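Letters A, B and C mark the chains in the order given here, with residues in each chain numbered from 1 onward.
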Amino acid sequence: MIFDPPVMALLLASAFSTVIVALGAVFGVHVLLHWNLADGHARQIRMEKRTYLVSTALMLVMVLQLATLVLFVHNADRMAVLFTGAMCAVGTLNVNEYGMPAFLIQVAVFFGAALWLIVNAADNMGRDYPYTRFKYGLLVLLAPLVIAGGVLEWLYFLNLDPNVITSCCSKLFTPENAGIQADLSSADPKLALYALFGGLALLMGLAVWAMRARAGAAAYGIAGSLFFIVAIVAIISAVSSYIYETPNHHCPFCILKPQYGFIGYFLYLPLFLASAIALGIGVLSLWPLPDSLRDRLPMRLHHLVLVSAGLFAIFGAVALYAILASHLIMFG
Amino acid sequence: MIELKDVSKIYNEGRPNEVRAVTDVTLSIPAGRVTVFKGPSGSGKTTLLTLVGCLARPTEGRILLDGELISSLPERFMTEVRRRTFGFVFQRFNLIRGLSVLENVMIPAYPLGPDYRELKSRAMDLLARLKLDHKAKMKTEYLSGGESQRVAIARALINDPEWIIADEPTANLDSKLALQFLDEVRQLKETGKSIIITSHDDRIVNADVVDMVVEMEDGRIIGIEERNAS
Amino acid sequence: MRHWLARQRYLVDFTLAALLRRKGRNLMLLFIYTLVIFILASVIFFGSALRHEAKAVLKGAPEVTVQNLVMGRHAMAPPEWVEKLKKVRGARRIEGRLWGYFYDKANGANYTVMVPSRYDRKNALKDGETIIGAGLARVRDVRRIGHLFLLSPKGKLMKLKVKRILPETSELVSADLVLMSRGDFLRFFDLPENGGYTDIAMQVRNRNEVAKIVEKISKMLPTARVITREDVLRTYENVFSWREGVVLAMLSAALVAFAIFAFDKASGLSAEERREIGILKAVGWETSDILAMKLWEGGLVSLFAFIFGVAAAYAHVFLFDAGVLAPVLKGWSVLYPQFSLTPQVDRLQLATLAFVTVIPFTAATLVPIWKAAITDPDVVMR
């Protein structure tokens, strides 16, 4: 099925990212071994010049990764007509055993790339480039993930067999079944909603604290990253049911469909971006503050906290809207 | 004040065409004065100027600007220092063809993202001071040599730097224009700017605005002459 | 933030001016880029429009069709089957259909000859009457004569009065259609009165029960082959995607050539341009400023090429009926060339297009852009 145009586009994108990150990682090893800013000799200057190429390329990878995620899911949704039993992206992703892992790794790569860019931006503010080794260490770690993602994606598309009868969301995301999806679906919706909105309130509180103290920023970063999981659980167990207006449908993918006004994108995009930024805030504020960033990093962290909290608030507002606009009444 | 300590610059390091353009230079350049580097062609004047002006990093040695070590800064921060501290007037003026005089003057400020109207009025003020405001809209390729140089001076001043650096400023000018340039140097000095010029033009070297002459040969300093000692 | 925005604006302004200053070179690049996007977009639009047509046609098709197989080959379905199938719960509008293909020696075209459905009031026919597809009407020049003369496979001449010509718009499959009454059909193909049906069509009351009904029928009529509309749709989808994909894969060769061209353009910085970048850096621009400017340049060129290319492809496919591409992609009977496609462009296609064009362009220009950006500022001193 690799001759399908969107599939070709996705494979092209993953080839691009894989090559860039792999080359970046090779360069990263060089940096880890030889980086010395005090040195004015040719190798160091060449290396410093190369960092511009690497960070520009990784910025492109990040943008591409976000676009790829959207396209990947959208395409899986469209291809559902090709497979017996598939009704949305879940069915398509389950046609073979590579689909779901490929998808989850894409999500992980997105977070990895976003974290890298945030650390990179902070690094570029300090006259001694305080995070350079950390940053390139991170890139070296990111590379296997990206390569695994690319390989899985190839395997997935190569092995898409239209004759396979797959199981879709209505089978997987059902409380009665076994498996992780079923467990997520059977989470108590009331509890999940409390956790969702309670978590949002907590995050807003932490954001205010983060404006005052570094510890607050650290707490916000950790809480924001963990909140991603809470939010996904809440979407599966409760919010999605409100959107579908049936208490039994729990699919996290069907909400991306046009018949629900693409509301899923309005939920996921702010959530993903906000969580990625929170992750960056957490990492930067847990790391000891370098002297060269004493003036500028706290300011930058404030900005990031504001942006991230704003995006979380948008996410919360969309979720609330979905619940209030629904005709489904789950709790008396 | 700019201090150089044992500064060397090697081009094409490790290759067969390796050149030691500047060797073990130690020098203090005072602020608020006019300093001239002189010496025969190929003696390393321009190279030394690029090191002082943060256009390139020395291979060895240290450079301090008002006590702050700038020679080992990464390029990103070296540029930051350069654009707030130094304005350049090049031998070949190096205006960008196809753009107007006004745009050429404003270009150094673009990366700082200033308010457009504020920037434009600053540029027009500078052009007026150099008697070029009536040519603001003109493309630079139609300017005369003297006018080009005054545009280059306006461009060097747009970010209000403390230091002005000029490489062979009079090489392409006739006597009258050379005198006019010296006049502008005098005015800049009066407004408190520090100026460094390279030249083997006697009109410059012997001018009375000059406070210090540094003589070079084969990449080394062979003599320093201080005048107008205050 | 305000400074950041202002900086971007200055960079865009500068970039636009720079693009205009080197008009010849950039127009050349823009033209070729646009051309590549135009071709790719035409392929994608055309493929998806065809798929859309096919789906629209299939919408009216029966949900389940039952065929008889004898020795693994298609055979006439016995008339008793219709009665048997009527007992299957959940099935309705069960009807034996008569249709077949006919090769017209007169002009070397294949027709689909068919008896209209009992439920199709609009196309009901008496003996001696016919309704024909527009493609066929054109080939046989029926518009002027008003009668259709057909030489049956056995050599008998049949004269039919043309009652109506099916409209041309958006009916890919009807172009070669000849509808005739049951009596005429049996006579034309020389079939016995009770010889059965080509196949048996039915609708299903509840779509979720299709699988169950298929299972029941297979049990009841072991020699039957049961085809659901979803099966057909799936096959169509596959075939079309595949065709489109092959064309796209071939075009990627062109794309690679284009990428090399772009690389060449981007890396072949003229001495003047190098100098210009040197000047910018010397007067206070930083490597990342130059990079940002050059990325804007690439982005703007991509954007313009994308808009022009897509607009041109839209016009080409939907206003001019894909004149350039149709022969490659359709590859069907001579009867098809004249029909208009319903404009049909979705986000997925545009995203796909953006991916397959912008990624190679960016990949090809990235290193040259960076090479330009790291130009040493001291070059302007020489």
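Definition applied: contacts are C-beta pairs under 8 Å (C-beta built on N, C-alpha and C of every residue); 3 or more make two chains touch, one makes a residue touch a chain.
Bear in mind the structure is a predicted one, so any value in this text is a computation, not a measurement.
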{"item": "Innermost chain by mean C-alpha position", "value": "A"}
{"item": "Of A-B and B-C, pair with higher C-beta contact tally", "value": "B-C"}
{"item": "Euclidean distance of C-alpha centroids - chain A vs chain C, Å", "value": "34"}
{"item": "Where chain B and chain C are represented by their mean Cα positions, the distance between them in whole Å", "value": "64"}
{"item": "Centroid distance [mean C-alpha coordinates] between chain B and chain A, Å", "value": "49"}
{"item": "Residues within chain A bordering two or more other chains", "value": "49"}
{"item": "Touching two or more other chains - residues of chain B", "value": "75-76"}
{"item": "Contacts with 2+ other chains: residues of chain C", "value": "287-288"}
{"item": "Footprint of chain A on chain B - complex, ascending", "value": "13-14, 57-60, 71-77"}
{"item": "Residues of chain C that touch chain A when the two form their complex", "value": "44, 47, 230, 233-234, 237-238, 241-242, 244-246, 248-249, 252, 287-288, 291, 295, 347-349, 351-352, 355-356, 359-360, 362-363, 366-367, 370, 373-374"}
{"item": "Residues on chain C engaged by chain B in the complex (per definition of touch)", "value": "2-8, 10-11, 14, 17, 21, 272, 275-276, 278-289, 376-378, 380-382"}
{"item": "Contact set on chain A toward chain B in their complex", "value": "37-38, 40-42, 45, 48-49, 124, 127, 129"}
{"item": "Residues of chain A that touch chain C when the two form their complex", "value": "1-10, 12-13, 16, 49, 52-53, 56-57, 60, 64, 67, 70-71, 74-75, 78, 81-82, 84, 162"}
